[in-house]
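Okay, so chain A shows up in both of these, paired with chain B first and chain C after.
On to the complex of A and B.
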């Protein structure tokens, strides 16, 4: 390309100062260019500096960080050297931003239209009527339903995928030359993700807008990006065209990323089954819901007539998109949300619906691990206190025996023993999830209910957690009920799969033959929505659809 | 710019480091100063509290009367020193009872929910509706004024506020997954409130305690002014301000210094609470 690049970053360095006053370098001398109309993806695990780099293109640094060196040229401007007020002028008109969580980025008390055209108002770009007309055109281009009236709604009245596209409309209204997408589809379901990706891709191509796409999901990036930059530890590991990176990765880290994507086929645990052994969990005609209970039925009914069984040492996967009742099922089994009808048997014995009427031993034998390790670990307790409690509570351990067991548990989840003095806030996402798991293991359970435990993690980290789960299973003879919206993780660990839709089980089938045997149209839709490591996958779907 | 210092230099980079800034240190020093004064007041006061030592009233500051004399010619310094026992003691005791009671009830209500929460909340709301001075008046008129009665009355007046505040905070924490995990483990209410919830609402609760302390000092002064608080010849600081209020037009130090005493105590309590020592940790350790 002979054209002058739209963005040139040279020797970018961003540093931060920790609470203890120690200087840390987050970005260590990056160089890259973005040409007009080109979409460049920044990928890497969390902590690799991809978001920090993307935000720096707007001249923005998160609190505590500062650009310590290098230059960032966007169009005619040197962003690194600009004053804050000059940067404010640049934002929205030349560079704009689509955040990871659109739900958090919209003000819930203002109508969508007001927020989408706010940029034109701030920069005095065009009269209000014209801006609204332009917004409606953008809504149409982004394939939003009811483009003429959707702007009059409030953010809570549209779905997550729609909100994410509205956030893109907000970013595009000022005719920017560069749009920064910060993991815009990570929080979405696979089926919604497709719609959002298609909308982004067509709008960007139509406007010839350059983009920076931050993600840790290689398959998503493969669909939208022209070029991929792989980051790790604040340095560029590899840079190249999307096809090159996918098919001819050179750097070991890129190879690891790709390898994490290849599902390792699940080998069912082989163990001798005792004659007439009861299944670890048997659920019959289970109904559960939320809200005030009237005449023995709650206001909002979620689960309808769910039946399944988990054999000892086997794993059951539960898939479905958000709102399908997967998490509700786990909560009903765990007793957090008492089921109002139906029967459960744990190892042959009756499992009562509510926590109070279950015995301490039953509570111990069935543990639940939550999706978000951030909220599942008490931020005010040290790791040692968190892991010690189940030991003291269920097993009556104290003193040296307890401390030894804590060290053992940390070792089991491959964390150093020194970590026990830390607070949860001082661990990375993957480490927190390991602690979350270790706490469940501390109870010495027989069944672990895993509620989307890898969804918030990077591909590489998630793969490591899955390996850990398998390893623990073969050592401790556990059974898992594994809830996920990600089919490849379910495939990697489960023997049987339950497909859920609107609180009902639509299909139950062996995980290994999921792609081949699925009969129900919804199961087929879920399976076909999983992004493939192939740049033509999304376009291929267009033709099919 | 707040200067930062380390209270313990780190030997070899192990062990937590504490950060305690100057604002907090000054606050703590003032609190300790007043606590010391309150304990040793009778020993350090130059004159007995009720003695009319000066022939002049609203006398100026002098070598004999460091902070001047009051409307009866009594030594103001002695009266402030002894008054600190009442202001610091009664207010601290009352704020402690109010906040401890309110916070515990608030956390229990949030954790248990249901009918217990509803009943307790409505009851305390109704109680909140009674004007505080009026309530104090009735109680003291009914059972007579004594220090335990004052402490309990003040605590009762400020307990519903502390309850509401703590309950609102606890409801948020109670919805977090880690509380659900503890519940699913089979934990009982005392563990849930003291180990899971309390550490996570401590910061705002302490800030609330600081504000409530100021209110209690002021209300105690109001009660004393009505003759229901500390009984003469003893007087708390609020009472000292009120009894010498006529001296304001004469520029008498007798009215200024009790005000300064109240201000230093209330401000320093808030300075300390807003700047508690923080443990600083480094992720990479």
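On to the complex of A and C.
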């Protein structure tokens, strides 16, 4: 390309100081260019340095980090060498930022319009009335509903997908030459993600704006990026055109990333079924909700007439958008949120709705694993203490027997026994999720309720957790109720799938034939919304945004 | 600004809680003073009094009626502005208190007027330039002030300003101060002592509350929009820290209520606290109870105002 690149990064090095005061280099000499109007994706797992690199283009480093070497040229400026106040002039006007979670990036106490046009006020770009007019035009271009009035609302009054598009409007108001997208659709449902991606793509193309798209999701990147840079451990592993990376990956790490997308066919666990064996869990006409209970019904009703059964040794997937009642269902089955109507049977015996009236044995046989191991594990307790608690509670173990069992549990989830002395904060995300799982296994359950247990993990790490779940199932004869918004994860481990919408089950499908058998329009919408590793997928969708 | 229904319900709830707390507190105050050792009639008449004389006085003062009946009539009196008669001086309590209360309120008002703006400015400033020399100096100063009890601060102030430097009088007769200069002199030391103790906590809590909001993604977003440090802190962080700051201010100011007892005693300042301390030594129950109620009510008032501020500053309750 003869054209002068918009951004040139040469030998970029960023260092960080750990809590212990040790200095580490997290970005180890990056070189890349971005041409005007080009969208470049930075892809990699968490800790690969992709967000750090993207933020450095604005001269910003998160607390504890600092640019230690190299140059970052954006337009006519060397961002690395500029003073903080000079960088402030650049931000919003030449380079702007679309955050990962717009819900967190909007100030809750200010109206949306005030925040969207703040850049024009900070940099004195245009009068307020003109800025508001421009914002409304952007709202319209981003296909936001009620473009004329949406700005008068507060951030908590609009949906997540709308906020993400409003964040894009906020980034574009100052006519930047480069926009940094930091995993902007990761927190969204697949159906919403499509609308947001389409809106981003059309606005960027219309303005000829260059972009940096940070993501861990290759399928999403395939829809928007012209070029992909694969990062790992702060170094570039591979760089190339989107088609090349997707179809002719050269580096083993890129291949591993792509392999994680390959559908893994689920092999149902085979076991001899005893005659007249009761299903492990049977749920009939279940209703549950939150809030004050009046006349036996809660104020906010979530689950409506849910029916399903899980056979022993089989896995049931539950899919649906956020707010569809997936987690509520798990909480109702676990007894944390007592159902107000309906019946549950566990292994043929009645399962009472609330925890207090269930027998200790029933509690033991049905365990729950929560989504965020970070919040589910007590940060002040050692791994040994965390795993010992259910051992003492359910099995009355103590002393040497307990210690031996802790070692056994750690071995089951493929962690070294020495890890029992550590605190949760000293473990990686994947390791923490394994401990979370080991704690459930400590009770020796028959049914495990898994609530989005892989959604906070990187693709490769999540795939390893799924393998572990399968292995444990064949060893211990477990059954799983697997809640996820990620269809491919559900496909990889489940026999049957419940599709939920607004608290109701719209359809129950065999997991292996989900795409083929889905009849309900919502199931079909959900299945067709999963991004494919195909650059033409988004453009080929003939659906009104 | 239009408000949602939830907003009004929350306000009503908070005021209801305050009213209920007030009744419980009056109950506690009344019966706690009942439990004070010593018999008023005995104290009034002295050791030499005969059994009959003491019994007669008890009957005359109504002390032999059931406690709950006396509580209810006392509560009724409070509600209608009748604080009862002082046992010792036989003057209406309201009359005894009114002068002293205005003195105490003046002391509290002057302290508040000086310490709140100062503390907020220092706290926000320390948060804005977190880790700077200014921040560290403020931190060290506040910690040293917090760790020194106020009677120590008061004694030190007397030692330095009254004894060594001879700038200020060691005792305050605020009510009698004639000229503005004299008044300033009379107030200086009690205000310095109270202000020191009260602002230290406020500075620390304000700094912590602002820093917590500075570390949120929306403040980072403001930084990435090119906002100055000032705009980030004052425009984005501060509005969201108002709730915790209001509570910190209320808590610190409520400390005025307790701190005032020591300060008024040390500087011999003619306020309510001094009155109460004197009342305890003479077993003047109606006076003690009224003073205690005044302290409790002011405490409750401050906390309620802080909670209402927190509710008002919550954007989720706006429409």
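Here is the rule we use: the second predicted complex is superposed on the first by the 541 of 545 C-alpha atoms of A that agree within 3 Å, B and C clash if a C-alpha of one lies under 4 Å from a C-alpha of the other, contacts with A are read in each partner's own complex, and residues count from 1 in each chain.
Following the convention adopted for this analysis, a residue touches a chain if its C-beta (ideal position, glycine included) is under 8 Å from a C-beta of that chain, and two chains touch if they have at least 3 such contacts.
The shown structure was predicted, so the numbers you read here are calculated from the model rather than taken from an experiment.
Once the two complexes are laid over each other on the shared chain, residue contacts for A:149 go to neither chain B nor chain C. Contacts of A:4 after superposition: neither chain B nor chain C is touched.
In the superposition on chain A, A:123 contacts chain C only, with no contact to chain B. Shared-chain residue A:307: touches no atom of chain B or chain C. By the touch criterion defined above, A:105 reaches chain C but does not reach chain B.
Of the two partner chains placed by superposition, A:519 touches none, neither chain B nor chain C.
Note: no residue of chain A belongs to the chain B contact set and to the chain C contact set alike, using the contact criterion stated above.
Contacts from chain A toward chain C in the complex involve residues 55, 58, 60, 85, 88-93, 96-97, 99, 101, 104-110, 118-119, 122-123, 154, 156, 170. On chain B, the positions that touch chain A within their shared complex are 4, 17, 19, 176-178, 180-187, 195-196, 199-200, 202, 280-284.
Within the complex, the chain A residues that touch chain B are 18-22, 334-336, 355, 358, 360, 363, 367-368, 370, 372, 375-381, 389-390, 393-394, 422-423, 426, 439, 443. Chain C makes touch with chain A in their complex at residues 216-228, 231, 236, 239-240, 313, 315-316, 318.
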